Amino acid sequence: MSREDNKIVAFCCQHSAYQVANKAGRMRLHYPDNVRIIRVPCAGRVDVQHILKAFEKGVVGVLVMGCQEGACQHLTGNTRAKKRVKYTEDLLKEVGIDGGRVKMVNLAPDMAQRFVGEIKEMAEKIEGR
Amino acid sequence: MENNHALVIGAGISGIASALELANGGLSVYLIEKEATIGGYAASFCCKATDVCTKCSVCLVPEKINEVVSHPRISILVNSIVTGISGENGNFRVEVFQKSQYISPERCIACGICAEVCPTEPKAILSPLAEAVPYSYSLNETQCLRLKGEDCNLCRERCPTNAIDFKSKPKRQELSVGTIIVATGFEVFDARETGSLGYSRYPNVLTGLDLERIFNREGSLKLPSNGKEPQKIAFVQCVGSRNESHCYCSQVCCKYAMRFARLIKYQNPNAEVTIFYIDLQTAGKGFDKFYEECKESIRFVRGVPVEILEAPSGELEMKFENILEEKGNREVFDLVVLSVGMVPMKDSRDLARILGINIGDEGFFDAKPFDSTETNVEGIFLAGTCQGPKDICDSIAHGMTAAKRATEVLTRWK
Amino acid sequence: MIIAERKPLEEIKNMLAGYKKILVVGCGTCTTICWAGGEKEVGVLSSQLKLASSGEGNELSIVEATVERQCEKEMVIEELRDKVEEVEAILSMGCGVGAQTIAEIFEEKPVFPAVNTTFMGMPEKEGAWVEMCGACGDCFLDRMGGICPVVRCAKGLLNGPCGGTRKGGKCEIDPEKECAWVLIYQRLEKQDRLDLMRKYYEPKNYGAVQRPGRVEAATA
Amino acid sequence: MEVRARLGIFLCDCGKSLNNIDFSKVKERAEKFQDVVYVGLSSCLCLKEGLEEMLSVVRQERINRVVIAACSPELKENVFRKALEEAGLNYNCLSIANIREQCSWAHEADVTDKALELIRMAANKARLLQPVERKDTPVNTEVLVVGGGFSGMKSALELSELGLRVTLMEREPVLGGKLGEFEGFYGFETTPKEILSSVREAIEGNKNIGVLTSAEIIRVEGEAGNFTVSIRRGEEKVSRSFGAIIFATGYTTEILPQDFELKPDVNIISQRKLVEMLEAPAGLEQRPGTIGFVLDVSDENSRLPFLSTLNNALAVKEKLGSEVYVFCKNLKVDSEGMERLYREARERGVVFLKFEEKPRISKEDGRVKVEARDVLRGEEVVLLCDFLVAEEKVLPPEGTQTLSSMLNIGTDSRGFYQDENVYLYPVASERRGVFFVGGCRGDSDLARASTDISSAVTSFIRLLSPRDVMVEVKPQKCRACLTCIRVCPHSAVKLVRVETGEEVAKISGVACDRCGICTAICPAKAIRFEGYADEQILAEIEAIGESL
């Protein structure tokens, strides 16, 4: 396992963030290539354990990307995800990984710039860690 | 006589909603679209959420588009229009004309090699917009050297999937269908017609549609003239609505203007946003709460401007009548957004003539009283904004309604 | 049901100091249901421990297991017998009963609690529980409209309410909480048994249960 | 016994256009991945020729799990799945690595390593994919329509026209509802009363529609396709089964005294009272000289009061010839035909006055005095009218809150049915098989109500098609802690007794909307979401950072 490369995992809701990622690609909006997208049916599917496991594997940043607040097809998926991300942040702080390295992001299917911006921001954050 | 095929004319959001419901009800559907891509206007709109969703419904569109494309019982014909019809309810024969498909959307895999090798400037091969469905390249006939008679074959030679065919001829085909849904949509009012507001003359006068597309592409708002973030922004309501020649309310403009106003304020809390209006249309699910929030951060002024002039500095000077202050007034803005409304499609008269359906007072297709999907021709139904202004949700509901009526026709025939 | 809460990682880490191979054992009953120590929490804690230890440069080797009911010896033996051999210490995510059961069976291995057993309670909504019973050994719910003031009144008053009840029937000590005595009054009112409110209750015999408590069914 | 995975990896370089990926290296490395029996490269995997080649390899190499590394699954996943089914593979045995939109196109530099890692993630997942069963759950096709007003009756009729059985229930002793409160629709021959009676007749003559009047819902259980509804009719209680429930319970209106300072009385009246006057003008002692309407006082965001005001104001002009004044803040004209109606009213002499500050209303000499500052004319207006038609606030009908909490369904900020979530619009609820039409979901008019009705009917038809079971509870792991039942946004989980006598959670394949919220939250890890199961997601993560 190589711990040198700073990988980021982005869990992307198929209703919004996953589509945004495609749009960013189509628009050739380039972003750091250390991000790995995992498609999920709803941000609410992402569990604490998934995020922790990613860190165990040497990933240094995790983004949970779901729909806008108030626009979750499953009503509470994105808000539950947000709570879970917050909780995971606390768990990670306990093991000495600073909080900013897990983040909940709310996106609509057209927000390619926001998507790229969030990834760049996370990439910069882990550079300077 | 049994015909379980249906035709939907126009693949905007209501046509798509119709096609999906027809197909889910077990019918086979031809969905034809005049343009090269489906989804209509709504596909190019932007999400207007701030930190929360403001219920603009734009996010419903891409999923419906994806669903329609992958539906096994829906065949999509792009670049196609209806040119003739015969037969009757339950057994129509419809003549469809499809423009030359120099690049076949079925074979194009959007690798982009053709555009890379195209020698003309600007390129004769256009890349699809990010949200385009089908996601394929298209050929600009007026630019293409080959179509101008020159001996260029670069793109065709390099195309890995043989998707390019210069000999492609326009195609006429006859579709046999039991029922027809017309969902040809609307056009955006051409703001140049209101010349005194300076649209297309001054770079910093935009329309609501321009704003949708800017936010969709760029994600934020910059002044077209200098790329700076605008600080003083005005929205002008009822441009092309509620006047003598457009005697109706376009139903969407007040809401999109307020949503944009909030979005702009969200991205730039220092921005000053003013909305000039005649009557605010604030009814609708959940909108009351939103309007209350708007009142806190947005300035509403009753009265619409008579003229906009550009100062040498590039700022826009607006002359308006502020009814509350009982006098003519002047104010300066960085950016003016004209909240343009919906008008009937220019070619709707041709389609009406072909199909034998009536056009109403406002120029939209005419529906029967108490049933806004039924036309004067049995078996032909209306869906969406071709019948009159509607927002995205109402368009979807209307499309579903038309599908229900059309399904009834076919099941009765069975 | 027994409610528990996970301990802070720091505390758990301190217990484990010096051990390299550990077994993290969840319980499939109460602590699963109160989200404190079921299979999922075992996974979460193990991940955390691995991350913490690898950050410090000496990675723990962790075995995970979940016993259906940690308070049942037979179940503990069945599930853990083989796994215990390879570890140096056991971290129990069951309640205090579970941890002690394991400790009793595997006497040669130290057993550490990873959760604090807090109370006996009822789910209020998903992920939230409230205390209902203090196991006093002398139940008098019959006279209290089915509401136990021993644990649900912040002061444990037998003759309430106190003088500090807030407007809206909230508790003096914590305005977020309901005053149990207001609830008792309302309940009794519904049952037309308000006369019970006027009765005086002698101080309770908290020695009803001789510690350690033991019950043997007469028919056993 | 588990069949060993035989993985086939199919790479597509999209017409050799993905230049920042070295496919020969990818192929060489991918061949070494676990369980891989074949790696092939195509330039047009999604086209007929590419698919045919893939299928022949799948058959030849007896591949049972397929990894495709190509463009985004949103584009061609269905094409690939359909093709694989032709080769006898379940569609779920496919995992796609998005190496175009989310890899090659997203980065400028060489991304061969990233592509490889994405493929490894997909391969790890593919190995664990299980075939999915399509279950044709029997669905009860009878629908319960709640509410016997126009929307309810029309819904029942539309369903019966498709040959479905309907039970129409109404709280009141007779069918009817609110439509009768309009005197007429200006410009239309048919009166609302006639519309109502023709609909009612159609209902009565319809064999497919059973009517229950004076009936109330006391309990709803079950899920889409199989609801059990307990209904009370007087002393009698019945329990019936339905596939879906359509709520058309309408709205109520009320003049809120605090908004008008004065209570409704002989000359501060409601629209209904005005309609009664218009129906029997002969009964009036004398023709009213002036009638005023005040709007936008209780609620400035409602269309309905305008609809009735414009129609009734025109009727007043026609039948009584009185002077008519309408006080409002903003004219609500965002419904079809409203602008024309407004202009017509103006032409017929109805005077519209717009205010910013709420008008003051008092009594003077037995008449009603309205004082307001008219912003159009910029002057104070004092109007003495014989009758003032007060604005009625449109409210959800009694019982809405009880029913919505019973059904575990949200309401909007005004308390009307249906949560404010665009994915539920137009007529759905978070609970599949429960629909709302017309006034009960908020501000509506006749046109919107009728599109609601048809939308609900088509949505119900969609519910009938068979679905794949993706999310399941493993009964042996379930602790029956009820967490999933409490968190499911679609109320798709319930507790059932299994053969062993234990109670465990069970997810309804018809009602489940496949979000995975329950899967993530289950403390016993007893719920499996095929395609997004824990082991599958973790397997993807597992691939990250492994040396390639």
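For clarity, chains are labelled A, B, C and D in written order, and residue numbers in each chain start from 1.
Rule of thumb we're sticking to: a contact is a pair of C-beta atoms (placed from the backbone, for glycine too) under 8 Å apart; a residue touches a chain by one contact, two chains touch by 3 or more.
Values in this document were obtained by computation on a predicted structure and should not be read as measured data.
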Report summary line: Touching both subunit C and subunit D we find A
Requested in this report: Indicate, using Cα centroids, the chain positioned nearest the centre of all protein chains shown.
Outcome: D
Report task. Please state whether A-B or A-C has more C-beta contact pairs across its interface. Result -> A-B
Query raised in the report: How many angstrom lie between the CA centroids of subunit B and subunit C, rounded to a whole number?
Result: 60
Query raised in the report: Approximately how many whole Å separate the CA-defined centres of subunit A and subunit B?
Result: 33
Report summary line: Distance in whole angstrom between the CA centres of subunit A and subunit C is 35
Query raised in the report: Rounded to the nearest whole Å, what is the centre-to-centre distance of subunit A and subunit D, using the mean of the C-alpha atoms as each centre?
Result: 29
Report task. Among the residues of subunit D, pick out those that touch two or more other chains and give their numbers. Result -> 74, 420-423, 487, 521
**Report entry** Per-residue multi-chain contacts in subunit B, two or more chains
**Finding:** 53, 55, 59, 135
Query raised in the report: Do you know which subunit C residues sit against two or more other chains?
Result: 40, 43
Query raised in the report: Can you list every touching chain pair?
Result: A-B, A-C, A-D, B-D, C-D
Report summary line: Residue positions on subunit B within touch of subunit D in the complex are 21, 24-25, 53, 55-57, 59-60, 66, 70, 72, 107, 109-113, 135, 159-161, 242, 247-249, 251, 254, 279-289, 291, 302, 323-324, 326, 361, 369-373, 388, 393-394, 396-398, 400-401, 403-405, 407-408, 411
Query raised in the report: Where on subunit A is subunit C touching in the complex?
Result: 47-49, 52-53, 55-56, 91-92, 94-97
Report summary line: Contacts from subunit D onto subunit A in the complex sit at residues 72-74, 98, 100-103, 105-109, 111, 114, 117-118, 121, 410, 419-423, 430, 487, 489-490, 513-517, 519-521, 529, 531-532, 534, 537-538, 540-542, 544-547
Query raised in the report: Across the complex, what residues on subunit A touch subunit B?
Result: 15-16, 19, 23, 26-27, 67-71, 106, 108-114
**Report entry** Complex contacts: residues of subunit C adjacent to subunit A
**Finding:** 8-10, 40, 43-44, 47-48, 50-52, 55
